[in-house]
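Can you read through this structure? Questions will come right after.
First chain written, first letter: the chains are A, B, C and D, and each begins at residue 1.
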Amino acid sequence: MAIKVDYVVRETSTNLFRNLSITLASILTVMVSLFLLGMALTVNLGVNKATQRWQGGIEFIVFINPGATTEQVGAVDKALRESPEVEKLTYVDQNQAMEEFRSLFANQPELIDTVTPDILPPSYRVVPLNKSSDTVEALSEQYRGKPGVKSVVSATETIKLVQKLSGTLTVFMYVVAGVLLGASILLVLNTIRMAMYARRREIEVMKLVGATNWFIRVPFMTEGLVQGVIGAGLAIGLLVLFRPFYERIVPDPTQFPLFSGMVPASSELFGIYVVLAFIGCVIGTIGAGVAVTRFLDV
Amino acid sequence: MAIKVDYVVRETSTNLFRNLSITLASILTVMVSLFLLGMALTVNLGVNKATQRWQGGIEFIVFINPGATTEQVGAVDKALRESPEVEKLTYVDQNQAMEEFRSLFANQPELIDTVTPDILPPSYRVVPLNKSSDTVEALSEQYRGKPGVKSVVSATETIKLVQKLSGTLTVFMYVVAGVLLGASILLVLNTIRMAMYARRREIEVMKLVGATNWFIRVPFMTEGLVQGVIGAGLAIGLLVLFRPFYERIVPDPTQFPLFSGMVPASSELFGIYVVLAFIGCVIGTIGAGVAVTRFLDV
Amino acid sequence: MIKLDNVTKVYKGDVVALRNASVEIAKSEFVFLVGPSGSGKSTFIRLLNKDQTPSAGRIFVAGKDIGELSSWKVPYLRRNIGTVYQDFKLLANKTVGENVAFALEVIGRPRHVIQTQVPAILDLVGLGNKAGNFPHELSGGEQQRVSIARAFVNRPLILLADEPTGNLDPATSVGIMQLLDKINKTGTTVIMATHDRGIVDRMRRRVIELDRGEIVRDQVRGVYE
Amino acid sequence: MIKLDNVTKVYKGDVVALRNASVEIAKSEFVFLVGPSGSGKSTFIRLLNKDQTPSAGRIFVAGKDIGELSSWKVPYLRRNIGTVYQDFKLLANKTVGENVAFALEVIGRPRHVIQTQVPAILDLVGLGNKAGNFPHELSGGEQQRVSIARAFVNRPLILLADEPTGNLDPATSVGIMQLLDKINKTGTTVIMATHDRGIVDRMRRRVIELDRGEIVRDQVRGVYE
């Protein structure tokens, strides 16, 4: 049986407005949980980008002069490869360096345009066997000043700390966001259930007059969906509003150059927004779906 | 008119169980918001403790040898006081140092017992006029190795970063916790309102039979209070459970000595728990109070 | 006991349910309220326990102007007036026994009084075996009798009954009328709205007839029409 | 049209509301269901539209065993059966007009049909001016007439009426009975539970009498007792 659209629209909006305050509460919770999730995703993205060179235990990087001769490079290469203290070695050529640069400065396209791969230094990323700071220091010192080597950069205490803290922080935010997501599903579910409970006599009467279960269900389901979607929309709106603020609280890149990559680009954020919108729909649908099924089957 | 206790208990528990799922949702939200608030308070407490020596722009500390002669101390004192580059100078004597030590290691009383004020070095906390790292370095270098000076310690990049990040982080957590607290008041309010709405016919009938407003209200108010209290209890329980985990994610003090103070002592946590329990009661009472007032006055 | 002084009740949409009604009812009187559907009988009854407020005029119950009653005193007024509503108004989440007991709990009667009076009154209306059932588990007539039991259980001074036999068969109706008569004889003022010609004609009590909100007849020992 | 085959209905708590009832009702018949309060009249009616299911026995409506009906087909059964419930069962959050229209919306009638039929049927029961009111703004008898209008608005094959005149004065009752008679003459089977001796005795139709769940009398052109 075709349910008329205007009937559904009418019923849904009546219900939404009748229980305005509880509807608001569940929209708010959806919003907060999705906002938190969005923040966690953003921070995570930023930190991963900012520290991408340093992932996987890399303790120092040997940058090669772009103008170095093949022999010079060969010597450095050989020395690194044959060193018994190096556990793992990765070579990043100029094109890969360009890739990295591009992603690090995705929010500053004007910067990317001024750079071509041939001015970027290729580099060796070194994971040493022994990670204590003294031996790392001694090892990296061996390559500093070698012919063809532009510079040797070690992972600082700061970088390690940022990785650790932000790792902890994002896990924490994911957990909180996850709990809140659970809470919001529960809440949408309950809003709908309460709405149905408050109208249980009405529903009983509708059934006695010959309404099918779907005829009764659909407006309630739309109600849940609307709550999820509005909640997600508000969360995205908040994230957009919050972005300048976030960019401001990221430690000043001139003071901490490490953080220049922590400000994500619009395209990356857009991906996050799409994910949030999708989750909003899912929350609404699941919440309402469970509510109507459980209620009408009794 | 005296309302009988057994009547209130009976009605309240019936209501709580009748709407079990919505009751759970609002208890959960109260729990999450209070948990977050508790975490924020804990982290804040820890960071403040860990960085207390470095607050207010202090850039380096000159520790005096406990065995230094009066003349040696006088010379250092004079040099610091007369330096045109020092903006502010604070002297911390051995007793104050002991205080600081006590609060920093409040969670390790065995350590406190082994220390007496006379083995702790007194120190000068220096706020320089010019905060750029080069001049700070040069200035602090002047005192290193002077007679009577035990050591000179500068605020590292790490300390500054931790202060900045944790400041940002706790503000962020306070904001989220605040929003969630608002949401939980709204939620308790709405749970009670929905309960009253679902039972509006009953309430109308009760009034027609001669029940006073308070006779009708009290069970609903108790319901709100119970939700707030249970939510706070769960949040405190979670914080207790979470404590070992939190102590584990605090960066390893042997690697980052700065963080030894970030693990709060039980007595400090107890204060936080009391605050949370109180807030739980307030949430429940306000939520339910507003709900019953607004509903019955119509 | 009860006095209406030029009372008018206009509902929203200009429905005049009662127009310039002036009536005096003495203590211990038994009054039938008759008239076609929509003539204002229920309105008349609901004005007396302040379920509705008049648009004009004054209403006195036990010598007091109930229009002047502050709102926190209304429950105390209602405890002296037992009401059988046309739609019963039972508490859906309480059993029959609890519904009747509620009227006693509200006025703070001790538990042992409740435990003896409730079964007694339920037996009186023939529902001794339904005390543990919920209202939706009862037949229409049974629900109506629960409503009567609740209205009378705390021995009010005034009993308002809005078509208390509308859902009852003639035999049960006779039983209920005998009960109301007995209640009336103990000194309770009874006002009963009804459509039942047989009952009115048999009892021959004071009859007030309403038509489109106006009192068109007030007759001692009257008949239905 | 309707056939009960040895039907028994036992509610929880061993209340036997209907015991071994076997009845056959032909198309276009008009049947009165009488009996004292609690004798099983409402149960009889609620079994026919599957609001209740029998504990034993089989029920056929329009040739189909409704006990075999899968649950998603029940709404379609109910659309062919109009029911006037003893407690009206109106939708509290819809106006009178919307309540009646709902029975048409449910079966997907186009809007223009709804807009002509609803006012027509409301006029027929004398409530043309109350279409915009909510049920709680109506008198008891007016609510009852809304319920009758809703039950009949989609011209069902069968009309079940549970004490449709319980809240109506004698004059209005006569009007409603004339309406039911007219509906019956158009071919609709009408089953009506009632306490109203006058109506039964005047109409002289088939009377089925229940007593404590048993059919004690089934009489063509019968009287109330």
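As a working rule, contacts are C-beta pairs under 8 Å (C-beta built on N, C-alpha and C of every residue); 3 or more make two chains touch, one makes a residue touch a chain.
The structure presented is a predicted model; accordingly, all values stated were derived computationally and were not measured.
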Please identify each chain that touches subunit B as well as subunit D.
-> A, C
Furthest chain, CA centroid comparison against subunit B | D
CA centroid of subunit C to CA centroid of subunit D, Å | 28
Whole-Å gap separating subunit A and subunit C, where each centre is the average of the chain's CA atoms | 67
With chain centres taken as the means of their Cα atoms, state the distance from subunit A to subunit D in Å.
-> 61
Hey, how would you classify the chain contact layout here, line, ring, star, complete or other?
-> ring
So the touching chain pairs work out to A-B, A-D, B-C, C-D
Can you list the subunit B residues touching subunit C in their complex?
-> 1-2, 4, 7, 14, 18, 199, 201-202, 204-213, 215
Along subunit D, where are the residues that touch subunit A in the complex?
-> 49, 51, 72, 75-79, 83, 85, 89-93, 102-103, 105-108, 150
Which subunit A residues qualify as touching subunit B in the complex?
-> 19, 21-22, 24-25, 28-29, 32, 36, 39, 156-158, 161-162, 164-165, 168-169, 176, 179-180, 183, 186-187, 189-190, 193-194, 197-198, 249, 251, 256
Can you list the subunit D residues touching subunit C in their complex?
-> 11-13, 34-38, 41-42, 86-87, 132-133, 137, 139-142, 145, 162-163, 166-173, 195, 197-198, 224
